[in-house]
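The structure's right below; bear with me while I get my questions together.
Think of it as A, B and C in the order they're written, each chain with its own count starting at 1.
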């Protein structure tokens, strides 16, 4: 059984095929998702809120004649205990060892959103909750953003770059850290990094001191890059990196050192206001990307988001097409 | 591209056609909605709660072989900033300039519920949020109750009167203010007024001093009425007006002068208990209407709601049929 | 019009037929639900949270080409007043006398979840809310757990026992009380008891003093049992009862005497820790059942839930099949 939990579980060439399929589906040249998903049910379980994810999966399934069931944990549904060996005398009424296989019985595919707890960076990198669903669901499990990765976003990002650049191999990708008001998880930057690496791009990560991504994902990206003859470069010179880029991917994330020191994190955000991306950061043909939701005039200046080089709405639309390609292959 | 945002954007004759279509659909004499909506997706975005609206749209789309995606802003989905030029360092994670076009990419039609803020009557009358969706969605936008109007309700009300009275031209419509425990927005009375005017009815609005409706809608209703040779009359003599009516439409709304003085509003409600509609207000063939939800024994006495002259459940049912006709025309 | 509100409204032989149909549907030997539910809409109204119920109904309807609309009262939708003759000047914006018939107009079937208030045991046993929906909806009403019963769970339990035991007549069913952290309603134990009685099983209920089930359901179970030549036995000797059982159904519920004394209830739970079911309670072929959600290491020890004798996930899956059989018969 195939799952879609981590870029690390799949080969770049296999994922490149999904991206190609997604582009054919978008152009109306393939009905593979319709054939694979008609009459099928996707159960989606949300531990955290969502706009694009929920709407793109639900609209995509409907478009193919399938159906998506959306459950909000702790809202519509019971809170779920995900740790093993815990006497359940607290807030959680249900354990993942029951919830996962039961939902697997109702649906053909199971998708889960479960953000990083942001208490312990190593535990977040192990991705315990989504891996428990993988273990117990008895069905293909799809990661709708977990503690460590957001691979559906990464796949849509890859597709968007392919679509806009024609080919991605050797093109310059800059992942550019941005300030915020609260420390966000690193799932999106991890997946953007892995997508760019799997797509064969030259990668630069620009961030202030203290905001390194998880070594596990940096190493995998570098390994894929070495196989292509490229490198993954890390810099604090944001403007220098962005100016030469084919793609600037703006994104905020928190520093793991300050997981238990929100004051220090907030002060550092306040000091880093000049990391906000502006039209001046971009070359004349540089694409501006962001996973959304984006905080205007904080992460990215409004003028940049309204610029013709900005492709964030296409990125969001491509979530639907990339996910349909992936679901079709998982359901096959 | 056609939208369904305001009665003021459409001609009475065009809307009368939708009402006729809705009645044919209800009687099973037209499958136009099935043809137009099969395989289509309606994305519904709720900034406020709903029972009839959500259920009638979702059941209606399903009935036609289409699908409705329901998103609750601030619940399932991120809170959305609707003002321009705001540095987004507060509660809202997402801006309407991204949210609207993204949802437009996932669906064929976009419906939005966004109640009046009730801080500033003039701003509510301009209907800034739904007009931003119109501007940015890239798809037909449907108003599921905005700051200024509830045109889906108005359309269903028109259909209900047509259905029950045979013809509406020249019949006597009384919009009768009712007390409540909190000041409600004026979107429903505005749309009921406009629907009755577009349907060519003789209109009387009965309310205590201080509860005038927005001049913009009063003037449009009067203009449509003059074209028919009729008038829009405003009175404080509720009983006198109701006794001769073909239709009494009971509805509570708040006084704009007390938007920032809840105590004065509450005291006035308490003083106006005798504005509650009772069976004695109605003539032997007067229809009693209300948009629901209705507060029993506060806005309308229970005995009136259980009377055979009360058509509130038909009104609510007609939401589904009127909306299907409207959706079919927008999607065509 | 048929409803599915209480085991007491149906004969054991009629319900046995539904169970047989559910098993044929599960094995792919009957397409009766597809024929009955294609293009139909089930409106589901939740006054309380749900995982299995929501997902199993929604996935089941989708599987048959129908659609389920899910509404959360007090969340997505308005709070609903269910008492008659109340001046509605409080939290509830809507009355069941309007909400029920309106939802009946949008859907073909109406399902309601409304937990026991647990203020007054006699009132809970009369099941006022679900009976009001029955009275006002104008459509078949389905009980998705009410104050008094959870008949969809009971039907799935019956089907699971039939499936696992081959035949149920004369087999030994033990309903075994379990401790918890808060007093749960008695709807599930009532329905499990009635299902086992209707299935012709020998019944023992094991609970500490003070936890008697409602006399109305005990008497009906005993009456069905007498017709079969059996009895309903109540005991405090949990281990003795379980050891000889074909089925142990573990379940916690609260003592009606302590509805207004949470401290006494909590202290009694704490004293009854040894009522937690362990693998030692079970004979070599005893099936372990629970309706889920189950609190691990509080109601049932983890090792028992992971034992091959535990069938809780099959029970949950069978919710979908049993409900499809029931819906097909109600919609016919």
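Things worth noting here:
The working rule: a residue touches a chain if its C-beta (ideal position, glycine included) is under 8 Å from a C-beta of that chain, and two chains touch if they have at least 3 such contacts.
The structure presented is a predicted model; accordingly, all values stated were derived computationally and were not measured.
Its C-alpha atoms superposed on chain C, chain A is turned by 120 degrees; the angle is given in steps of 5. Residue numbering at the chain B/chain C interface overlaps only partly, since under half of the positions present are found in both copies.
Chain centres here are Cα means. That of chain B falls 40 Å from that of chain C.
Counting partner chains per residue, chain C has residues 75 touching two or more of them. Interface of chain C with chain B (complex): residues 39, 41, 43, 66-67, 69, 71, 75-78, 81, 85-89, 93-95, 97-99, 101-103, 105-107. By the touch criterion stated above, chain B contacts chain C in their complex at residues 46, 49-52, 54-56, 58-60, 62-63, 70, 72, 75, 181, 292-298, 302, 305-306, 312-313, 316-317, 320.
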